[in-house]
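What follows are several structures.
Consider the two complexes below, in which subunit A is the common component and subunit B and subunit C are the respective partners.
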Partner chain A sequence: MTFPVLKGTAYTLVHTPDILVHEGKLQESEMRNSPDSDYLKAIPDHLRSFEDVVGYGPNQAYIGNIHPRDLNNIEKPWYEHPLENASTEGKFGSIMSEDMFYGCLKAVDMFELVVLDASFQEKIAKKVKEDPVIGKYWVTLDKLTENPSSVDEIKSLIEEKDAKPLYLDNELVGCIKRAHEFDAALTSDVMFENLVSKASGAYALAELFAKNDLEPDDVDYLIECSEEGCGDMFQRAGGNYAKSIGEICGCVNATGSDTRSFCAAPAHSMVEASALVQAGVYSNVVVLAGGSSAKLGMNGKDHVKKDQPLIEDCLGAFAIHVGENDGKSPVIRTDIVGKHKIGSGAAPQAIMQAIVADPLEHAGLSIKDVDVFSAEMQNPEITVPAGAGDIPSANYKMIAALGIMKKVFARSELNEVVERIGMPGFVPTQGHIPSGVPFLGHAIEMIENGDIHRTMIIGKGSLFLGRLTNLFDGISFIVEANDGHVEDDSVDKDTIRQMIAESMKQFADSLK
Partner chain B sequence: MDLENQQRIKDLTDKYGKDNLVVVLGGGEAEACGLAAETVSTGDPTFAGPLAGVQLGLKAYHMFELKDEVDPAVYDEQISMMEMVLDKDAINKEVQEYRG
Partner chain C sequence: MGILENKKIAILGDRDGIPGMAIEACVKTAGAEVVFSTTECFV
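And now, the complex of A and B:
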């Protein structure tokens, strides 16, 4: 059996402090319910500059300039110890500023919903077109010259037509309009989130082409796996983000669809992509997702209470290329997939058994045979002050404890195992974004350098949030070094027919 | 604590009475468990939800504290791994504080 391979990745961040203030759901609710709250008053003093965001260790790990394990060598809190000479450009992607992102919103808008002030639009159109990645790979940049507006007109759209404002350093530079007068699935709120997700996803896809050996017209299929939903009131989440994003980058030979399962969706999508490639349906599949404006500043109250900056100020996005076996890229072991079944149970122990232990045991392996695990890689500087604990560390402890229960490790080894199989969380709390797959870029490097042989990627999802089921969700897959074996050893039907015919002929001859 | 859960606990208390209810927590972090225990006993300290200023007086226990009350085989199957992982003593101490 020949396996599909992990050919390339891209990881991008967009620093969006004004979107945090005005469109982050926590802040927006606070403005509606308690407009005079102390939290809202404290926000401006807790926002970070673009330079602070670029120098922030976890962000540099996300775009690939440092390894997540290098965070262990940076003094905590990380936000007080930025990296010197940090760059917006990384090995796996880059970090974009908010003004540039507003231009991107305009460039991905097919329905004239994004309205920008004429002078801002002219300035930002130039910047977007000159960008070496967006300027090269986005084919819809003509949108940047369409329907320029004025601040007065933008103000009246906000006041009279329920448009959502776009601020830059507190200055009004544009808005996003509703797409229908009374359709609850096409309000300005919804369109804002959807366009943000689309634009940031298209940014990651462009970076995937820029940083890897893949051209837009080589892509056969796109799987989008964010947590947003697009549609109208008759089909509220009908889709399709995948094709809408592929269109921006000129993936003219691709089709695609959206996969949803809260934070577990990226791991599901990777399994689906691998299966499509291995089955020979498609040669090049891209799994991607844009970021979430709703989650910006989600734990802001706790951060302000602890007087730390609002570090949930970035949209995250990624794009991952799964292709046919080239004999060198790490393989995705489609024969070792862990799944949390409907009947698995919701206790953490049952979940870890189903998604970690079961697939390994089925393949004759144990937890010890996996060098590094990547589950929920949320940055602990975001989650610990909010009372959610250090999530990656908790996952590593659970995996180690499971190993202890199975007598793979001694009880005294727990902390040592956690250290060996893990890494610090380095990803913004953007739901689906931190879920296992941000490590894939680093994993390719570590495997190809011979630092590790095998990694397990784990996606976990809280399905109760949709109020349809209390079931949990989880899925895992294995990526490991390529042994160079690219030919499929399996026997096809014609060969079997020939073998049977030859045997029968021999048998007939023996009767003579 | 989640605003919706605050409402559910308030409704259950109205329906069954506080003497007929205990709250069993399964949280993994001491501070968050303490916050939940505080919310159902003396009210929502964040003043955000339906239990803001409402003293239900319910007693909360963490599942770790109820080990002797359940079938050891079930406990072993469902909880023992997490016992190794979480700071059990800190969680229990925090939750006990709100039972007076």
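And now, the complex of A and C:
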């Protein structure tokens, strides 16, 4: 059996403080329900500058300039100890500013829903077109010259037509209009989130092409795995983000579809992509997702209460290339996939057994055979002040405890194992974005350098939030070093038939 | 008599900690009445 391989990754962040203030769902509901609240008053003093965001250790780990484990060497709180010589450019991706992102929103808008002030539009169009990545890979930059407007017209669209504002440093520079007068699936709210997801996803896809040996017209299939839904009132989440994003980057030979399972969707999508490549249906599949404006500042009240900056101020995005075995890139072991089954149960131990222990045991391996695990990689500086704990650390402790129960580790080894198999969380709380896959860029490097042999990527999803089921979700897959074996040496039915026929002929001849 | 016996319980579970349903199963065996149970996600 020849396995598909992990050929390349891209990871991007967009610093969006004004979107946090106006479109983050927590802040938006606070403005509606308690417009004079102390929290809203405190927000401006707790926003970070672009320089702060670039220098922030976890963000540098996300775009590949440092390893997540390097965060152990940075004094906490990390937001008070920015990295010297930090860059917007990383090995795996980059960090974009909010003004540039507004230009990107305009460039991905096919229905003239994004309206920008004419002078801002002219200025930002130039910047977007000159960008070495967006300018090179996005094929829809002509949209940047369409329907320029004025601040007065934008104000009236907001006041009279329910458009959502686009602010930059508190100054109104544009808006996003509703796409239908009364369709609840096409409100300005929904269109805002969908265009944000599309634009940030297309940014990550462009970075995938810029940073890896893959051209847009080589892509056969795109799987988009965010947590948004696009459609109209008759098919509310009909899709398809994948093709809409591929169109922006000129992936003219690709088709695609969307996969949903809350935060578990990226891991599901990686398994699907691997299966499609291994089956020979497609040669090059890209798994990607853009970010979520709704989640910006979602734990902000607790951050302000602790007088720390609002560090949920970035949209995250990623794109991952799964391709045919090249004898070099790390392989995705499609024969070791862990799944939380409908009958698995909701207890933490049952979940870990289903998605971590069962697949390994089925393959004759144990937890000890996996060098590094990547489950939920949320940045603890975001979650600990909000009372949700250090999620990566909790997952590592559960995996180690499972190993102790199965007697592959001694009880006294717990802390050492947690350190050995884990790393600090380094990803913003953007739902699907931190879910296992942000480690893949680092994993490729570690495996190809011989630092590790095998890693397990785990995605977990809160299906109960959709109020259709109380079920949880989880899925895992293994990535490991390529042994250089690229030929499929399994024997097909025709070969077996021929071998039997030849043997029978020889036997018959021997009877003569 | 257990400390939860005949008590009315509201449960707030965490999907990255102990889910509501798991807590629910425990407190029911201790004789409590679950009047509200949910699991929230903070990420």
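Keep in mind that, in the parts below, the second predicted complex is superposed on the first by the 511 of 512 C-alpha atoms of A that agree within 3 Å, B and C clash if a C-alpha of one lies under 4 Å from a C-alpha of the other, contacts with A are read in each partner's own complex, and residues count from 1 in each chain.
In this text, a contact is a pair of C-beta atoms (placed from the backbone, for glycine too) under 8 Å apart; a residue touches a chain by one contact, two chains touch by 3 or more.
This one's a predicted model, so the numbers in the text were calculated from it and none came from an experiment.
**Student:** Touch test for A:C263: subunit B only (first), subunit C only (second), both, or neither?
**Tutor:** After superposition on chain A, A:C263 lies in contact with subunit C alone.
**Student:** For subunit A, which side has the bigger count of touched residues, subunit B or subunit C?
**Tutor:** Higher number of touched subunit A residues: C.
**Student:** With the two structures laid over each other on chain A, which partner does A:T429 touch: subunit B (first), subunit C (second), both, or neither?
**Tutor:** A:T429 contacts subunit C only, not subunit B.
**Student:** Output check: A:M398 vs subunit B and subunit C. Expected answer is one of first, second, both, neither. What do you get?
**Tutor:** In the superposed model, A:M398 contacts subunit B only, not subunit C.
**Student:** Where does A:G389 make contact in the superposed view: on subunit B (first), on subunit C (second), on both, or on neither?
**Tutor:** In the superposition, A:G389 touches subunit B and subunit C alike.
**Student:** With both complexes superposed on chain A, which partner does A:P348 reach: first (subunit B), second (subunit C), both or neither?
**Tutor:** After superposition on chain A, A:P348 lies in contact with both partners, subunit B and subunit C.
**Student:** In the superposed arrangement, what residues of subunit A touch both subunit B and subunit C?
**Tutor:** Residues 347-348, 387-389, 394 of subunit A touch both subunit B and subunit C.
**Student:** Could you please specify the touching residues of subunit B with respect to subunit A in the complex?
**Tutor:** These residues of subunit B touch subunit A: 28-29, 31-32, 35, 46, 77-82, 84-86.
**Student:** Applying the document's contact rule, which stretches of subunit A touch subunit C when the two form their complex?
**Tutor:** It is residues 263, 298-299, 346-348, 376, 378, 383, 386-389, 391, 394-395, 429, 431, 434, 460, 462, 464-465, 470, 472 of subunit A that touch subunit C.
**Student:** Sort out for me which residues of subunit A touch subunit B in the complex.
**Tutor:** Residues in contact with subunit B: 301, 345, 347-350, 352, 387-389, 394, 397-398, 401-402, 404-405, 411, 414.
**Student:** With touch defined as at the start, can you tell me which subunit C residues reach subunit A in the complex?
**Tutor:** 14-19, 21-22, 39, 41-43
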